[in-house]
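Should a chain be cited, it is by its letter among A, B, C and D, assigned in written order, with residues numbered from 1 in that chain.
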């Protein structure tokens, strides 16, 4: 399906403030960006670079006053999310080098502390896809998805203690559980068509049978319409913005996703 | 200045034909892409990747029949090209690792064969910027800039023998001469506002005093308005398209650059 | 000074077990590896790759029985650690792209939770080197260095709560404090000549005034003799070995560093 | 088989001369480096980096006088070279991104000028391995292998005109022919056990059926015993040394490869 996505961030800046932004979807295996726009108001110089995960990031210094970042894109994305019951686990020795880093614990995914729990949740499942599907189901049933409930990211340990969280938090726990079973897992931040309430979204991917598969415990049933903006080990890597210096006092965020005829 | 660039390539395809395209300008130190569009007609799946030089490339299989690639962008670019007379040569041992590759000879820049000539052309000049400026001047005076005169890229040796060439060919000779003096040099393909006749353009950059500077022997005087699409060692790396399989029988190319109020 | 370093790890393996090892020092800005040896007993196929941080890693499957990894090197390293009181803070907008990732929180360095504390510790210091020196001093005075006190890595939050830790733990807290001040910081694992008791060591580096500087709160006074094996965001990235599958029941580790005439 | 390789280069230096060296074999898919040594006489600071092709390179400034670089290694390498008659061609659209660059023409491999010839040489062969085997056979029969016959690298066009060349030259022509058929091909520099006369050696690899295969037209029959030092598009990328500034007046080179019990 063709989607038109947009995100507008507004900040009230008091002193010149460095930002690193990550809001520019790129064409990739799962999506094609046909049109894209990136507007800064007021207009300031911005410098773009590719981070270690392949994301396009922008650096700039926001001037005092109202500062708005507006991005929009027209993206072709899959109508359905690929599912692959029975797809086999990839032994560590056979993983591509570039995927190994997604086995390690990270800021919000303390996979070193979830071994027993993951084994328990996936008991009786075939190693690989079916394990991750069991984790996704377990998250759906066990952890209350509460949009808006946390401002700062919660780590997997914290989410598990609190038994509720936002999309990002559920992804953190899912990722930690996968990694503790030696299944590479990564976080994705982006848009999801039809999300209620509409906002930026986060989900996770697991590497199974030679490719990445999408999982999302916030949705009862996975439909298509996912548009990825950034990939990383967890929310620390894929913040849509990082701001340095004195905290910025106020920020509004408006996200829209609509379907285009096509 | 704000520019709107566009390029439309039309091919007549007989059998399904793999293409690698490089037509998507990226924001960088010298330019900011505020809006961008990429349209394939008919619409086919395309996969994007970043090559070794940081260029965004697209892979696709063109189906039989008319096939059109249309790209457009709105780009903020410098009004003036930086010049730096007297800027010093960087000793090889002080070059950044990532720049060293631009000292080596490449397909169309046989820098291993121009040592004496480069020394001669730059006699009496300070090592660094002034040497490259002397090379640029020498190219302007010596090699006839003849747009449309060569279909396939000419190497520096060939350009020097023929004493004329298109923008790409002059760049090849300029790059070969720089490298033979141990000055890193690379090719840039992109747009130039006001180019006559309008077409895609090629120029070169040399690494001096810690940064890349723009040189373009096809222009009597360098003005601003350059929009880079791709960087590489020479035309082999920055072909705007590479096509594999039986040669495609026909191709039209329409390039437009106009200035936006800004 | 010239050092001869060696490390022998012995494992008792029950089932074929995949390992990723990181034990091979590389020549770099601070050290030159003149001779190097890497012996697996029994000999098994090992595959080497470079991870995202530039470390040389080896993958292999350890067979059941005793399994020994022995590495040794002769390395030229600095007699003194560079110190640079007054060296200035680099504004975020001026940091090299490749350094930005070292500003982010990571598994064991929850820099997002140390802002006030870091500000407090460094009150009155010039931004940059002097801030990090203050952090290093504060760690020395406040956190008890207790070799052997923790088996698993402690995160900065945990170290701060416990007020003691091994070298790795102190480094985690130092790194978290630096990053919370927008000073890039990274962990180094390696050897230190004269360490008591001799073992593998960990310290941290901070990026100041355009380069990385060494800090080590476990030593009263920094002398030379550091040999780096691996760099990363924290201990999750620079484990000298990661083992997958059922935990390995026993491991011995013998580390030697002696000075060579030279 | 286990091999002990060594290479000693001696230069007579008149003025301080920057060098980039590439003499350090690395463990990889085909070989395991168990022991390695790198000695500079006189000892000077050397800085190591990894180039775009994954090779370990060293930068240094050679001081006036005699300057010697000695490297030695103990390497486990395959007893036999893998052959795979019938292994299929990989369509361009299915090649890994990182392999695409090896389809492009390069300094010494003008693959853009060999289309008809390659088609002719491989007439009647299955696309893929059999085509490359036909090219290797054709080189063996047609191009006289004349060790010591060329000092500077010859390009594929030049080798084809001259009908003779050293190992490096034959590899250039083989690579150019492969690429003109859309088969990725790259140059390898290294050691070969039993080479007569003993020297550094060069051969090429082609990417077929999802991996790289070794080809070497200088040998009547491929036996094992290859130790790779460097990979690249052609000799421009894998010079074992690049020297900058006034040419160095004299150089001796001694290469030894002997078999170890093991």
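Please note the rule applied: contacts are C-beta pairs under 8 Å (C-beta built on N, C-alpha and C of every residue); 3 or more make two chains touch, one makes a residue touch a chain.
Predicted model only: the values in this text are computed from it and were never measured.
Here the chain-to-chain distance from chain A to chain D, counted in touching steps, is 2. Of all residue numbers that take part in the contact between chain A and chain C, over half occur on both sides, making this a same-residue interface.
Chain centres were defined as the mean of their Cα atoms; on that basis the chain farthest from chain D turns out to be A. The distance from the centre of chain C to the centre of chain D, with each centre set as the mean of the Cα atoms, comes to 36 Å. Chain B and chain C have centres, each the mean of its CA atoms, that are 43 Å apart.
Per-chain Cα centroids separate chain B from chain D by 29 Å. Counting partners per residue, chain B has 50 as the residues that reach two or more other chains.
Here the touching chains pair up as A-B, A-C, B-D, C-D.
Taken in their complex, chain D has these residues touching chain B: 18, 20, 49-52, 57, 59-61, 91-93, 97, 100-101, 103-107, 109-110, 112, 152, 182, 236-237, 242, 244-245.
Only residues 26-29, 32-39, 43, 45-48, 50, 54, 56, 58, 76 of chain A touch chain B when the two sit together in their complex.
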